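Chain naming follows the written order as A, B and C, and within any one chain the residues start at number 1.
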Amino acid sequence: MAAGANLMNNDPILKVEHLSMRFGGLMAINDLSFEARRGDITALIGPNGAGKTTVFNCITGFYKPTMGMISMTQQSGKKFLLERMPDFEITRDAKVARTFQNIRMFSGLTVLENLLVAQHNMLMRASGYTILGLFGYSGYRRAKEQSIEIAKHWLEKADLIERADDPAGDLPYGAQRRLEIARAMCTGPEFLCLDEPAAGLNPRESQALNELLRSIRKDTGTSILLIEHDMSVVMGISDHVIVLEYGQKISDGTPDEVKNDPKVIAAYLGVEDEEVEEVIEQIVEIETKQGGQI
Amino acid sequence: MEYFVQQLINGLTLGSIYGLIAIGYTMVYGIIGMINFAHGDIFMLGGFAALILFLILTSVFVGLPVVLLLLVMMAAAMLTASLWNWTIEKLAYRPLRGSFRLAPLITAIGMSITLSNFIQVTQGPRNKPIPPLVSSVYNVFGISVSLKQILIMILTVSLLAIFWYVVNKTALGRAQRATEQDRKMAALLGIDVDRTISITFVMGAALAAVAGTMYLMYYGVIVFTDGFVPGVKAFTAAVLGGIGSLPGAVIGGLLIGLIESLWSAYFTIDYKDVATFSILAIVLIFKPSGILGRPEVEKV
Amino acid sequence: MATLSYSKESAAGTLTVRALREGFYAGLIALGLFVLFVGLETTQNIRNELVLNQRWGLLAIFVAVAAVGRFLGVAYVQPWAAARKAARAAVVQKEAPEGFFVRNFSKLAIVALVLMPPVAVSLLGVQGSLKWVDNFGIQILIYVMLAWGLNIVVGLAGLLDLGYVAFYAVGAYSYALLSQYFGLSFWVLLPLAGMLAACWGIILGFPVLRLRGDYLAIVTLAFGEIIRLVLINWTEVTKGTFGVSGIPKASVFGIWSFDVSAHNNFAKAFGLPMSSAYYKIFLFYLILALALLTAFVTIRLRRMPIGRAWEALREDEIACRSLGINTVTTKLTAFATGAMFGGIAGSFFAVRQGFVSPESFVFLESAIILAIVVLGGMGSLVGIAVAATVMVGGTELLREMTFLKTIFGPDFTPELYRMLIFGVAMVVVMVWKPRGFVGSREPTAFLHERKAVSGSFTKEGHG
């Protein structure tokens, strides 16, 4: 449903080619290739332990992949090979931001300060790497005001404006999730990686999250890659779904295509390949029965 | 060659003492993640207890066999040091458990200052020399090995064997390892965590007291400041070996003993501590978790 | 009713029994702890042999204090404390508006410090004021400055540095040696010493900042020791344990000198009687200015992106990296900035003493400075200043307590107990207030209103 708006520039923003990641004897990712298109919301799904977070950590530089290439092409056409860059440069230069499965807040800083830390690099430049700022350089003062405006914008988007001056550690779980996304957006990313943003949210919060993600894409044109277990989020907002199992891609397509892929069903239900047909038959049977009852 | 082997033996002796102290550091660190800065002073306290026992025994029972003398000194030192460490843990460290990470460290530094100054105030600031206890020296292939060195190494090895057995084979050791892994879960499974931690402190102190007795016997002198330098070296040994790992502590101790004696023998004695600390820094820079330490996996 | 009073009585009875039992155990433990160390004393006789002195009376006092103290604690203090806690919990805590004194504490403190020397001089005379200006004022302010410097590293960036005294030593020796060998003046060397210390901070910091937590702590401790050992052993340059003496005095910006023979001597220029007190008063204002500079820079930096990045680093390093912050350079700047203030304080120390030796830069100094930072409440400048005053001033005060000699006899030397009491105080304060005197944190920016962040949210870093 959402794909239509971005048909114009459907070039890939992120290209993962033959990515492999080995931990000791364990092959966490095995020859994985996929693409995320500009302006799309791409979802990465799969059973627990399929290697989704490892893919994220490779993209964002927290792990160095054993093999493979990850390239990111910015709107301007500038291309970055992410597997060669240290993590902070991936955010700073390649404009890839991320959130974490276990929320990582600066819990002793206020909500507003969290968002200002995210604008560190812009503010550092504006303050002449601290030296000019120390002497009250006016350009820095302007940049500071601007950074607060940006923070305010995202606080409003994430519905956190009321809590701006509270310590981040004091926020309820759902608000912390939204704050983490707002914080990532304050780095001005072109590509946003969200690791289970809906985990632990109640249905209403999940709905609000959907809204937030849609508006991020619509207003900023940021492409999104998300790992998610909550199928209402995945099917509701993503344009493109990639399914991983045991570190390999088993399916890749639109939500509808993936939903009906026998391999995906088998992966989620945990059956051998030969039994897939059988399982699908059973599912169909159950569905028709239920349908009949209604 | 003989000179080299000679220095090797000297280094191993010194290293045994460091290793014994280092075990206390590494165990406490392993179980509650705290640098027990006062541990070096517990070692010094043990040495003083042995010294006082020596003076009592030699003045009351003249002509006591040396073996018996050493055994009683050691036992008294172990008892006293253990009681001190037990009390310190209970009064100063336990209330801070689970709080702010730096609070126990500062408390331990405060405890270290307290203990060394307590000994200074009660026993005086001067060096305390004693006549040599064991003076036989054996000559093997041109290498002189003193009985003290043999005693220290035998004692270290046997204590380590006992210790290894306790930690790996007994219910107590299992409780310790469980508490180390996950204190809350261990408590839920019915392990008396407080008691386990107390016992860990007692065990560490007992080993430090043995080291203190050995130190007194080996050098024949002790002073109230003697807790600091061996303490820091032993802690260095624990870190070098990989903090939290028992064999690592011993290997680290031996390594530091060897570095020190070989450096003094072949280079300049003035810079032996500089050499020790530099090697520590270099090892940690290239292998941040020490020689036998489990690498810290960065969970993202 | 009857059963109720009965159970109350029996509760009181069992409490007493319990207190007696606990008191007995405490006495027993104290006996075990002190029997060897207090009951007996090792001293040398005329032939220089060790002999034992018996002090059973003193041991009895120790044991009795422990037993009675524990008994009273269990029987009276604990129930009282519990009752008070319950009573406090029952009353809804109303936040009292902060008084004028609390609100303007730092301003009042600065005014008081500026006024202190003239007040001391007018009350006690020029010579009489020396003790207060020098022993208390300058001594405490040096520690305040050092602790504020270390606070940048430990309190803000959350990097545990156990070798801070190394930078203090670098600063002190920079001044001592450069002024002797090259004849450079204090005002040239003061910033130079700071810069040299900062360079050392970067040199030492660069390889080790990859390490985390306690590994960083031990390596910084090792570096502190290495620098001290080099100062001891590099005798051709540093004169080893003898130290460097005859370090030239500072002048008032080169205009007035404090050398007695100089034509532009301060006292001569103003027609005052010769006294060393003027120099001390000048030094007092100098260290006050340097300490305030440290505080000013810290406050400014906290509101700048770099300061916020330091605090963010303390909270969560991985999140910092995910936001594009170069954590290595961020840590290095914290290390270097802290080192710079340590170096400046060091060159002040050298000029004040006129003599430096490796003796002044032992690990204990690092420990004391770190203790002041933690006792004050990490990150809080006011808390740290209070902690420095209490800990350093308190132990200095002990020197003054000559009246104790009338109680404990003429052999009693209070100085001997100075470090013992310092150590005990460290333990007691930490157990009583693990987060230090000021546990909360002031936010660096706000939208609607500035609210202090409770200490329970802030983290202390892993590095």
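Just so it is clear, contacts are C-beta pairs under 8 Å (C-beta built on N, C-alpha and C of every residue); 3 or more make two chains touch, one makes a residue touch a chain.
Keep in mind that this is a model prediction, so the values were computed, not measured.
Trainee: Counting only C-alpha atoms to place each centre, which chain is farthest from chain A?
Mentor: When every chain centre is compared against chain A, the largest gap points to B.
Trainee: Which one chain sits nearest the middle, judging by mean Cα positions?
Mentor: C
Trainee: Please work out the Cα centroid separation of chain A and chain C, and write it as a whole number of Å.
Mentor: Centre separation, chain A to chain C: 47 Å.
Trainee: Quick one: chain A and chain B, Cα centre-to-centre, how many Å?
Mentor: Chain A and chain B have C-alpha centres separated by 50 Å.
Trainee: With chain centres taken as the means of their Cα atoms, state the distance from chain B to chain C in Å.
Mentor: Going by mean C-alpha positions, chain B sits 29 Å from chain C.
Trainee: Would you please write down the residue numbers of chain C that are in contact with two or more other chains?
Mentor: Residues 318.
Trainee: Could you tell me which residues belong to chain B and also touch two or more other chains?
Mentor: Each of 298, 300 in chain B touches at least two other chains.
Trainee: Quick check on chain A: which residues sit in contact with 2+ other chains?
Mentor: Within chain A, residues 62, 100 contact more than one other chain.
Trainee: Enumerate the contact residues on chain A facing chain C in the complex.
Mentor: 60, 62, 87-92, 97-100, 104-110, 112-113, 116-121, 123-124, 127, 130, 133-134, 148, 152, 155, 161, 164-170, 183-184, 187
Trainee: Across the complex, what residues on chain B touch chain C?
Mentor: Listed in rising order, the residues are 29, 35, 45, 48-49, 51-53, 55-56, 59, 76, 79-80, 83-84, 87, 91-92, 95-96, 99-103, 105-107, 109-115, 117-124, 126, 128-130, 228, 232, 235-236, 239, 243, 270-271, 273-274, 277-278, 280-281, 284-285, 288-289, 296, 298, 300.
Trainee: For chain C, which residues are in contact with chain B within the complex?
Mentor: 29, 32-33, 36-38, 40-44, 50-52, 154, 160, 207-208, 210-212, 214-215, 217-219, 221-223, 225-226, 229-230, 232-233, 318, 363-364, 367, 370-371, 374-375, 378, 416-417, 419-420, 422-427, 430-431, 434-435, 460
Trainee: Spell out the residues on chain C that touch chain A in their complex, using ranges where they run on.
Mentor: The touching residues are 297, 300-301, 304-306, 308-309, 311-312, 314-316, 318-327, 333, 441, 443-451, 453-454, 456-459.
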